[in-house]
Amino acid sequence: MPYLDVSNVSVRQGRKEILGNVGFQAGRGEIVSLIGPSGSGKTTMLRALIGLQGAQSGTVTVDGRWIDLSAPNAAASLRHKAAIVFQNFGLFDHMSVLRNLTLAPTLVHKRPGDEAEKEARTLLKRLGIEDKAKLSPRELSGGQKQRVAIARALMQRPALLLLDEPTSALDPARVREVGHLMQDLAAEGMTIIQVSHAMQAVRSLSSRIILLQEGRVIHAADSADAATPDHPIARFMNSQDAQDNMA
Amino acid sequence: MVFSVYDIALFEHAVLHTAILSLAGGLLGVAGGIALTAMRLSTVRWLPGLGLVGAAYVQIMRRIPFIVTLYGLFFLAGALGADIGAMGVAIGAIGLIASAYLSEIILGGIRTVGPEQFDSALALDLPVWARWRHVVLPQAMRAILPPAIGYLVLFIKDTALASQIGVVELSQAGVILSSRGLPATPVFIVVLSLYFALSYPLTRLSRALEKRLALS
Amino acid sequence: MSGLDFHPVMLKLPFLLGGVGTTMLLAGISFALGLLLAVVLVIMRVDGRGPVKRLSVIYGTALTNTPQLSQIFALFYSLPLFGMTVSPFISVLTGMALNAAAYLAEILATGLRTVPHAYHDAALTLGMNRFQIWTRVLLPHAGRAMYPALSNHFQIMILGSSMASIFGVEDLTGRAYDIGTSSFRIVEVMSVTAGLYIILSFVLGGLLALLHHLVERRV
């Protein structure tokens, strides 16, 4: 039984099918990349995995826990197991970095305040931003904000870490940094799912690549296979590279 | 000295009434505004009409002159036998109208909070009350507080109309003293100055808050 | 006094509707006059030196932090002392115009802040004099930018005109009060009157939006 098994996810809005029968698997500590042209539904899939998008059908099995996406309490169950880092981070400006991290653990999981704070500081230290603990997110750079957002997600102690376009808001040096971070986390056993259109990063980081188009999985492969020149995924990624270079 | 001891007593009495009308009406308006906003945002399945009722209420109340509401309410209260006095009616009327305006201000403020904030709060599995208390409202306050205080200044001006249903407030004091034979100009200079003393600090506060709370 | 009876109100409906005309006249004329004075005030504020500027600011601050009703009372009771006997209608009109000028000046000032510096500079380099810059560049731009705020204030003045009834003016509210006191059906007449104001508000809103649309298209 794979650590993560997503199957038969479908999302409709009115008569429009946004996702149809989407499924994929991943082992523990793997980095899965969802790629595809815009409108392919990859962000919707990510949002469905954290309960921000309702689904008409689908099941997620993660770390032994089976969740029916169409059930009314799916969102709560998902949020117990997964945590997300948004493209624009979604940090709470009106509170300190530290409070951003301890808010949910103390309020939702009822962890004692000083314990949560210690854990938060340890995480911030690991990410190299311990000195920013008492600052407001407004005073941080893009890369620093992302690290806060990642720390906040890690405070949830998730089995699954979801990243929405983790490299889009960063400059090249930071892109490499966050790539290293992702690899470190994966090595420690974190299963990561990212939506990305940065093909370079996708190539170097992923153990599995899922190609979506118009709401369906067109191809899914291990990164080694996907790298062979004639593989459809490789061809898609090359065309994306060309597009990005022209832009 | 133009004013006798009795005149000054009348002014004191009147200012007090104006202040009470403004504050009580204002508080009622805040409570009503919050309730209306909750109604308009509600997604409760077993009361689908709530949002519409709230929206309709706001649309209607903002298009009726305050004095018409005041007269209507006063005589309605009389007809129903409600024993709340002119002050009570005036406070009620101010509250009813203020609710509509404040609801608009509150909703406007909430709308300034980006959807990603809501998303983050949801993704962190924060319960409804925590989402509002810790994430949405603190940020919405930045856009709510300055216009809300500015609106308080408006209440104070509306209280002048309460004179028409018998409340002896500041405007009425001016009319009374002028009718008694005191020279109108000094009387009204005092009246207007007193209103100014009540309103201007709030106007300044509203502007100061706007600057302080504005996002960089 | 049991149960509502709209019959006496309905009988007098034509009389009531006649009040709408007075209301519109009152609001319309005072808005126009107020706007003219507002232009003067805002020029004083922006282009004026020391005392002139201060005078405009004091005027604006004083009239926006005191109730319109009190201002009209002040006029109503003070004017006779200066030998002027004016009708209630004129008193209210004057009071409303003076009050409107303060608010409209504030709105225009905000509008002026949206005029890009480049416009002003361009006008100067084209050799325009002060008057021309104001009338051909600054005011039109400010007016257009603040059209929503200006028309919103007009709607506010329609509602505010109801206080004319206190001085005996036969506007919509004044006539409503007459009908009410003579028929003892005040709740009913006020409900109908409220309805009329609501309808008027929507109709005016539509007309003002239409006007905006038409003017914008001609540019």
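Each chain carries a letter (A, B and C) given by its place in the written order, and its residues are counted from 1.
One rule holds for everything that comes next: a contact is a pair of C-beta atoms (placed from the backbone, for glycine too) under 8 Å apart; a residue touches a chain by one contact, two chains touch by 3 or more.
Keep in mind that what you see is a predicted model, and the values were worked out from it rather than measured.
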Checklist entry - If you check the contacts of chain A and chain B, which chains show up for both? => result none
Item to check | Farthest chain relative to chain B (centres taken as mean CA coordinates) | outcome: A
Checklist entry - Whose Cα centre is nearest the centre of all Cα atoms in view? => result B
Checklist entry - Where the centres are mean C-alpha positions, what is the separation of chain A from chain B, in Å? => result 46
Next on the checklist: As a quick test, compute the distance in whole Å between the mean CA positions of chain A and chain C.
Outcome noted: 56
Item to check | Approximate Å spacing (C-alpha centroids) for the pair chain B, chain C | outcome: 21
Next on the checklist: Can you pull out the residues of chain A that are in contact with at least two other chains?
Outcome noted: none
Checklist entry - If you look only at chain A, which of its residues touch chain B in the complex? => result 50-52, 75-76, 79-80, 83-84, 86, 88, 90-95, 103-104, 107-108, 138, 152, 156
Item to check | List of chain B residues in touch with chain C within their complex | outcome: 60, 63-69, 71-72, 75-76, 79, 153, 156-161, 163-164, 170-171, 174-175, 178, 183-185, 187-188, 191-192, 195-196, 199-200, 203
Next on the checklist: Could you list, by residue number, the parts of chain C that touch chain B in their complex?
Outcome noted: 1, 61-62, 64-71, 73-74, 77-78, 81, 159-163, 165-166, 173, 176-177, 180, 186-187, 190-191, 193-194, 197-198, 201-202
Item to check | Contacting residues of chain B [partner chain A, same complex] | outcome: 116-117, 119-120, 122-127, 130, 134-135, 138-139, 215-216
